[in-house]
Every structure is written in structure tokens, then in C-alpha cells.
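You will see subunit A twice below: alongside subunit B first, and alongside subunit C after that.
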Partner chain A sequence: MENKKNFNVTFYLLIIPVLLWLVILIVLPHIDLLISSFQVDSDAGGKIFSFEHYMAFFKNKIYWLTFVNTAAYAIGVTILAFIVTFPIAFYLTKVISKKYASFLVLLLLIPLWVGELVTVYGWMIILGDHGVVNQFLIYIGLIDKPLPLLYTNFSMTIGLLYMSMLFMVVPIMSTLESLDDSLIEAASDLGASKWTIFRKIIIPYSMPGITSGAIIVFMLVIGDYVAPDILGGKSSLWFTEQIYNEFLATFNWGEGAAFGFLLLFISSSIIWLTLKLSGQKLERVGS
Partner chain B sequence: MKKLVISSVAIATLLSGSLYAGNGTLRLITWKGYAPKALVKKFEKETGIKVKVTYSNNEEMIAKLRATRGGGFDLAQPSVDRISFVQKKFHIYHAIDYSKVNTDQLTKAMVDAAKRISKVDGKVYSVPYIYGTTGLIINKKMAPGANDWSDLWNPKYAGHISYRLKRPILIGAAFGMGYNPFALYGNKAAYQKLIDKVTKKLIESKKYVKTYWTSGDTQKAVVRSGDVWVESGWDAIGWQVHEKNPNIDFVAPKSGALGWIDTFAIPAKSKNIEGAYKWINFILQPKNAAYVTNKSSYMTVSKDASKYLDEKIKVNYNRSYSKEDINNIKWYAALPSGFASIEAKALDQIKAAE
Partner chain C sequence: MNKILEIKNLTKSFKDFTAVKDVNFDVDEGGFFSILGPSGCGKTTLLRMISGFIKESQGEILIKGESMSGIPPEKRPVNIVFQNLALFPMMNVKENIAFGLKRQKINKSEIEERVADMLARVGLEGFEKKKVTELSGGQRQRVAIARSLVMKPSILLLDEPLGALDRKLREHMKIELKLLQKELGTTFIYITHDQSEALVMSDKVAVMNKGRFEQIDTPRNLYKNPKTAFVAGFVGESNRFELKSSDDGLLVTQKGWKLEKPNLDFKTEILYIRPEAFILAPSDNLININRFKVLIKTILFDGSNTKVSAIVTSSGDELLISLPQNARFEDIEEGDEVQVGINYENLKCY
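Moving on to the complex of A and B:
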């Protein structure tokens, strides 16, 4: 009895800061934003309830088109991230020894320490007309005029991929680590080809890792601001830039809030739909 | 609800422990280069007031002050044309008490301009600090003939053009097309029509643009890399690049450079108004103002600062501005409310166009 009471006191002492943090800094501001997204200035100078801000998103082609574009890129980058990182994760967990693997993982982490803005500037140096890639290609005589690499959808995709890759590697690695090597050996003994082993054993086994990686990458990319803004081309209007503009350039906070909630709602729906279609369960992903 | 949010914000501020302000500190929100470290130290020594500097820009400054209803900072530095409509709508500034400002050390024309542009209901809301123009930064080796806003859609420089997709480009392009946008500030419908024309022009010529620069740093980077020959830009940035690469220089456009004045404005909930006036009078002393200008190339409204200016500042100024250029500067008028959204919509359209 005594013990249980103690547990309760500690429990509440520990939970209170977390709850305070969540409620004061996350829940309350969101409620305020939600309210302002439904408010419009009336002619009398007061505020009236209205769906106008949400309607604006569907009425103006430029807004929803930007969103579709952003979401399409986010999905594309997620797939690319999987293709690029799966071999890396497999190599690190199954091929080389643990000692080297942890060192290589450390190397993978380094770009994360310097921050997104710095890595984005790094890509500017690498991809510019007078950058490393173009100068090298000119030097070996493959091209005589610099290729337009920077400020294109290509450079933006590279930037987004680079920043989000790691969030795909880690969850996949953690599932692959628990994959028993004898499963692969057994399949091999029974005459399965490498491709079959990959398709029938490795992929299904690491699916929870892939799904959670995909969710993180998708959310990171769709909500990113820096890479599209700096590396993006003349036409790469990102939805987050749209929200930023509503708040800071137009001073239309209601509209910006409405767009923010639309982003949250639609991107969550996309994830929910993908989970349903692929037969994955969020509970399994979380574990 | 509002009360809940306010009290929650208050608690959050208390928790983060940043609620120590008073006569001992001056929380200044300003632009990069406007409050050099050496002068901050000198001020702290002279007055005992600690200065906490936050770097920002017009949009963020206004958004921050609006969110706190004029709190969080004791002194702000918005551009003069962005004060009156914000003040009318959100009431985030204190009126300036000019008896506390040492106007003897300031250029009278600039003080008059700041007073005129930032006036709301008979009260003045700003003290001028630094001024300059937006014009063109040109790589003279690659584009020797470029000298007007219209060169930003000149096919001769296709693929080597850049500008920032913000308000100034709409205004500059309008002047380059032979219109005067400021004359239409009284007529919303006519202004919308003009902006539509400008939007069409900039979408048609989008294929010539290399990229849209987004900050002072990227503005420098694109022209220094050699990728861009003709770009819109600020005079001081052009001169800073000129120091490193003499082929690149600031050019005042033929149809008029756009003149801006950055000012001091006191937020409504400033906790150290005395300190704010002290800082204004301190930093505009001729020697201090000259120090700022020598370091950043931004021009100061301090009258006698010219005595202490480096030779290169005067050389820059005379090289880029003829007498006609100076007389032809188009000073930003106060932006009427509601016009910002016309411009923002146009900018979105241009950015999204293929």
C-alpha cells in the first residue's frame, strides 16, 4: 500500500512538467491558431466566424497546386531515400563487423551536427556554376559549359534527400539488426535466389523499420523550409513558404493558421491512407 | 481564451527566465550591422545599461511585435514606410517624444521625411537612423551596358539575372516600365491594375532569371560566384562586393533608385524608454555613426559624421550616384493597409509560374 502511494507521488511529480510543457507551449498555442483560422475581420471591425480562410485554399489554384506539388515531392524524396539508404543499412548491419559499423554510423551522423542551413550552403558550393562538380566535369572535358545544377528541382531534391536520409537509415538498421542470419542461410540452402531472399525475407522483416522511416522522412520533407527556399529553383514554391508568407509578408495570420492546419491534416491523411493501403499498422511501426 | 493564452505565454516567459528587463537592460531588435559590438561595449561603459541585440528584418520584427502586442523589446528598427499601417492596425508602438531626441546632430531633411512618413493621427512614430537605396548590382565586365530596372528582363543577359521576389522588385519593375506606383497609393483598383501589368512582365521574362536571391548573404553569393551579372540589390552590399571584386559595382537605375530609411521605433510595451532614447542619441553621435558607416557602408543620417568617414565611403558614393541620380531617388511612401496582400498575391503568382 505504502509503495503504491509513493509510486503515485513520483509519477505525478514526473508527469507534471511534461504536461505543463505540452499544454502551455504546444496545445494552447495550437488552439489559439485554430480559433484564428476560423476568424475573419468583419466590416464593423470585429471578428466573425467563417470558413473563408479554408475556402481560399480550395478556390485559388495556386495554393492547392503548391500543396499537390509539395506532397508529390515529399513522396518522391521518401521513395528515393529508401532506395539510397536500404543498401547502406544492410551493409552496416549484415556485411561488415560491428566495430567498423559503429564508426561508419558516426560518420553518417556528422552532417546532422552542423545543422541543415550549413549543409544546404555546402550543397550550394558543390553544385554552383563554378562549383566542384561543374569545374571537375569541365576539367575532364566532358562538358564545356557549366550544367545548370543549382537552383533547380534537382538541387532541391538532393538537399532534401541529404537532410532526411539518416532518419531512414536508423529505423531500418534497428529492424535489420534483429533479423536472424540463419533465416537467410536457410533460404539460401533451400535454393532461393538472392532476389527472392531479398523480396520474401529481408523486406517483409524490415517493413516496420521502413514504414517508420518513411513516415519521418515524409513529414520532415513536407514541412521543410530551408532546402526549398535556398536550393530550390525559380518555380519551386513550397507549401511551408506559402504559410511563412501569409504570416510575415501579408500579415494574414488567420490564413496562415488555416494553411498550417490543412498541412497537418492532409499530410496525416496521406500517411494514414498509405498505411491502410500497404496493410501496415501504426502500433507495429512504433515498436 | 485570449486570457488563457496570454497567461500561458507569460508563464512560459517566466519559466524561460527572460523576464529580467528594466532600467539595467535595453533589448534591441535590429538589422545586422546596425549595432556593432564595439559601440555596444562603449555604450554599456558610458551608461551602465546592458544591451541585448537580436537580429531581424522588417517582416519578422513586425510579426514578433504583433504577437506580443508590442512587448519583448525596448527598441526596434523598422523601415519608415512599414510603420504607419502597422501602427494603425495593431498599435504596437509608442509615439516618439522629439524633445528627448538630439535632433541637432541629425540631417534635417531626413528627420522631416521620417516624421512625414510615419505620422499617425498627428503623432510621429520614428527617428531616422540609416538610409540607402535599392538599385542594381552589375558585373561590369560581363554586362557593361546594364543601367536600368528594365535590364532585369533584357534578353541580352538571359540566364544571368537575379532579384529578390519581394516588394521592391514590383516597385522597381513598375518604374522600369515607366509608371510611378507611389502615385497610385490612393487608388487601390488602379494599383491592382498596375501590379497585374508588372506581374505579367515578370512572368514573361522569368525564363531569363537565374534565381531569386533571398537574403543579403545570397545576394552577395550569386553575384560573386560569377553566375549572375545583373541583379537587384542594396547599395552597401554592392560596395562591399566591389571591395573584393572591382568588376562588380552598385549602379543607380536610370528610372530611379528606390530610397529607404530605417528608423528607431519604440515598442508599446518597452520597459526601458529612457534607455531607448539614450541609445538613439548615443549611436547617432557623429563619431559613432561614422564608425557604423565605415564598417557597413550604410549611409547615416548623423549630420557631422562625414568628417570621420573613410575616404572609400565617399569614393563609393560619388562613383555610384551622380547629382541627377540623387535627385531621382524614389523614396518609399508609407504603404497603405490592404496593399501588402495585393503585392503578396502577385509575388506568389510569379514564383509559381513556369
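Moving on to the complex of A and C:
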């Protein structure tokens, strides 16, 4: 009994800082924002309950179109991230020896140590009018004047892809690692072509990894602010920028909060719907 | 008998060693052919060359008289049952078995029919929708075999498929596999390091050691007349003695035990004697026999397979002797001195 009591005291001592952190810095502000998203100033000067902030999203075309644009780009970047990283993950787990693989994985991780803002500025140096790409193309005589690469949807997509693709590689690698080579051989022995093996064996087997990677990438991209703001052009409206404007440009905190919760709710719904449609289960995704 | 598989001078060298050295053999159509050898002897490499997963360095593989060189695994008329079975975990039993048929663009109703027929043959009716992860070891085994057999291969290759099963189930599957092979008439090539699996099931067994075939024979001949010292030691139990000399038909062990072996026309260093070759208390009128006395040390009771460990009184050599299954020796006890005989022909010298 005495032992158990000691354990309990230690347990609470250890859990209290975490709980304080979560409650004070995350739960309470969220509750506060949630409340203010449902409040408008009344004529009498007080606050009254209202759906007005939420209605503003649906009433103004520019708001929900921005959201649709953002979501579409986020889905696009997620698909691109899968296309770009799957061969990398396959190569690192199935083709080269373990010895080199761990070194190459380390190289993959390096951009993550730098921080998103720095990598975004890196891309500005690469893609700008006087950047590496344009200068090189001019030097070899392919073009006369710089291509408008920066401040476009293209540069924004590159930036988003670059910061998020690592989160696709890692979960896919972990599922591919557990894929026994003999499954591939068995399929080949039963008459399957390389393409069929890829479609019927490798992809279905790594589906849990792909799904969890896709969820992370989608969430990171749809909620990202830096890459769209810095690398995107005037036409690259991102929903997070909309939220930023509500808080800091128009000081409409209620509407900003409402948009924030809409982003959380709608993007979660998109994920839920995708999981439903593809017959995946969230519990299986983590493993 | 038609030769379904002919292997000619097959060699496989890797960077720093040769896994398979100049192997030659034929397999008759409808036969059960086993390749028996210790781990690392090259038997899996040989199997993977037949199935096409690795390319031979030299030599030729002919299936039904056709050369297989340059033909990829998916085009060869052989199917393989993998050591770890390699069932597709994301598919159910039926999808696993139908996988190969679907690749051949066979129409749906025929696939249904052949899968159902195969499931019935391996005794898994009603398991179509089960996940392979929900099956027991023996059931998974049968699914793996069904998945390969449904392709109607000319040859079914089996790479130690019973290795992962527990003893009891293994004994059972051994018999089942043999019956299935008889019934279907498909040629089986079975790879194993377990001599009892090879002896029980096969029509012919090849014993492989260090990349070479030591002997290809029927299980009975392999046991009765091993051609090399390796076969004698690897197949079945044996008493092994290193000899000091073997001049004039007199074998002398290191410890000085003398045994007559007339008409021995070569110099020999190693002697093998099967435990069941010893005759306990031989009658006086037997001829061509060595007679000696042993002291019973311990009795190793194992039902019908009971043996005694004994010491040759004259030299101290240790022997393992099978106890005949009759009441005559039931009261034998530790410490008894017994007269034992051994026929000249049962002294196997190499």
C-alpha cells in the first residue's frame, strides 16, 4: 500500500507541469476563442450570442472561395508529396543497404533542423529574378529575361512541398520496412508484373503509412502561414492569411476566431471523409 | 517416365564463394523429389535458381525440355511455397489464392470454381472470407500451398515450409502433403534440413553438402547404402568411429577396438554403424559376424525407439544400440554385460 501511495505522489508531481501547460496555454485560450467566436457587440454595448461571425464566412464569396482554394492546394500538395516521396522511401528501405540508408535519412532530416522561415528564404534566393535558376537559364541562353518564378502559386507549392514532404517519407518508410521481400517475390512467382506488384502488393501494404503521412502533410499545409505569405503571389490567397488579417488588420477577433474554428472543423471533416471513402480506419493508421 | 526437370552442370558463384557447384540431376514427372542438406549447403540458392529469382553462373535448367535461361520468375511454369509462406496480409484467403489466376486474365466464374475446388482439396471450405492473420499455423500452410497449386504448375517448389510448425502439426502435415501430392500428381521439389521429412515423403532424395550433391537415391537406399561419409552421418543415426588402421581386413578404432571386415579393398579412416545394426545376444550359428561384449551404461527409453548406451568391454568405445521391440530384452538393466554381434556388411567404411 505504502508503495502505491508513493507512486501516486510521484505520478502527480510529474503530470502537473504538463497539465498546467496544456490547460493554461492551450485549452483555456481555445475556450476563450471559441466563446468570442460566438459573440458580437450588442447595441447596448454588451456582448450577445450570435452566429454572425460564422455566417460571414458563408455569406462572403471571397472567404469561402479562399478556403476552397486553400483546401484544393493542400490536397494537391499532399498528392505531390506522395508522388515525390514514395520512390525515395522505397529506395531507402528496399533498394540500398541499411548502412547507406541511415546516412541518407540523416540528410533528409537536415532541412527540418533549419526551420521553415530560413528554408523559405532559401527558396527566394533560388527562385528570384537574380536567383540561381534564372541566372543559370540566362547564362546558357535559354531565356533573355528572368522568368517570374517567385511570388507565384508555383513557388508557393514548392515551398509547401519542401517543408512537408519529410512528414510523408517517414511514415511510409516505417511501413515499407516491415514489408517482407518474400511477398514481392511471391507475387512475382504467381505471375504478377512489376506494375501489378506495385499496385496490388506494395501500395496496399503501405496504405497505413501513406494515410498517416497524408493526414500530417494535409494538416501542415492547410494550416501553414509562412510559405504562402512569403513565397505566394497576390493571387495565392491562403485561408490562414485571412485569419491573420481578421486578427491583426481589421482587429475583428470574433471573426478571426470563428474562421480558425472553421479551418479546424472543415479540414478535420475532409480527413474524416477521405478515411471513410477509402475504407481506412484511424486506429490502424498509427501502427 | 518423362523428365520434367533437368539440371545440367548448374553452378552459382557469388562474389567470394560458390554456393552451388556443378550440380546435375533429373526429376521425373509426378515425383516427390527432396533436397536434403544442412543449413548453408546451397539448397535454397538451388531452389531460387529453378524458380528464376537468381541467375545461374553456369549450367542449364530445363523444364519439360525447354531451357529456362533468361525467363523471369513470373513466366516460369513453377510455383514456390516460401519458407515464411509469404501470404499477402491485406487480402483474405480467397483473394490470396485467386491472386495468380487473376493475373492470367481468367474469367471470374472459372476463378471462383478453381479457388473453391482448391480450398476443398486442402480442407479449408468456408474459409474464403477469413483474413490470413486469423488463421492457425497449419491453416496458413494450406493456404500457401493452395495458392501455388491453383496455378497448376508443372513443378511445385517447397522451401522448408514445415519449419515453423510445432512438432505434432509437422508430423501431420508431412503425411497430408504426401497424400496431396499423390492425389494431384504434381511434381514436388521439397527442400529441407530435416531428414525425417525428406525420407518419409520423397520418392527420391538428393543429399546436398557444401554446394554439391553427395548422393541421389531412394530414401531406402540412402539409409541402407550411404555412398559417402557425409550421407552416412547426416541421414539417420549412426555410431561414428575414427580408425587408427584398417590393414588386412582388420579395423582398429582409436581406442583399440578391433573389428573384422574381410575383403576391404581400400584404405579407410571412418567407420559408421547404425544403432539398429547390432544384434543383441546373437545365436552361435550366425556367420560373417563380429562378436564382442558390452557393458550397459544407461537405457534411453523412448517407446518404440528405445536405445541403450553401452561401452565395449575390451576397449571402452561408446556405442548406441537400438533395443529390439520384443519382450526378450525388456529386463535389461544398467550394469549388465551383454554379448553383441555385428555383421561384416553393416560396418560402413569410408
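Everything that follows uses one rule, which is that the second predicted complex is superposed on the first by the 270 of 287 C-alpha atoms of A that agree within 3 Å, B and C clash if a C-alpha of one lies under 4 Å from a C-alpha of the other, contacts with A are read in each partner's own complex, and residues count from 1 in each chain.
We adopt the following convention: a residue touches a chain if its C-beta (ideal position, glycine included) is under 8 Å from a C-beta of that chain, and two chains touch if they have at least 3 such contacts.
No experiment lies behind these values; they were computed from the predicted model shown.
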item	value
Superposition on subunit A - do subunit B and subunit C clash or fit	fit
If touched residues of subunit A are counted for subunit B and for subunit C, the larger one	B
Contacts of A:Phe90 with subunit B and subunit C, given as first, second, both or neither	neither
Which of subunit B and subunit C A:Ile201 touches, first, second, both or neither	second
Partner chain(s) touched by A:Ala187 [first = subunit B, second = subunit C, both, neither]	second
Partner chain(s) touched by A:Pro29 [first = subunit B, second = subunit C, both, neither]	first
Superposed arrangement (fit on chain A Cα atoms) - minimum subunit B/subunit C Cα distance in Å	46
Common interface residues of subunit A - those touching subunit B in one complex and subunit C in the other	none
Complex interface listing, subunit A residues touching subunit C	180, 182-183, 185-193, 196, 200-201, 204-205, 207
List of subunit B residues in touch with subunit A within their complex	1-2, 4-5, 8, 11-12, 59-60, 62-63, 66, 86, 166, 206, 209-212, 214, 218, 221, 225-227, 340-341, 343-344, 347-349, 351-354
Subunit A residues within the subunit B interface of the complex	23-25, 28-29, 31-32, 35, 62, 65-66, 124, 128-130, 150-151, 229-230, 233-235, 237, 242, 245, 247-252
Touch list for subunit C against partner subunit A, complex	51, 53, 72-75, 78-80, 82-84, 86, 88-90, 99-100, 103-104, 147-148, 151
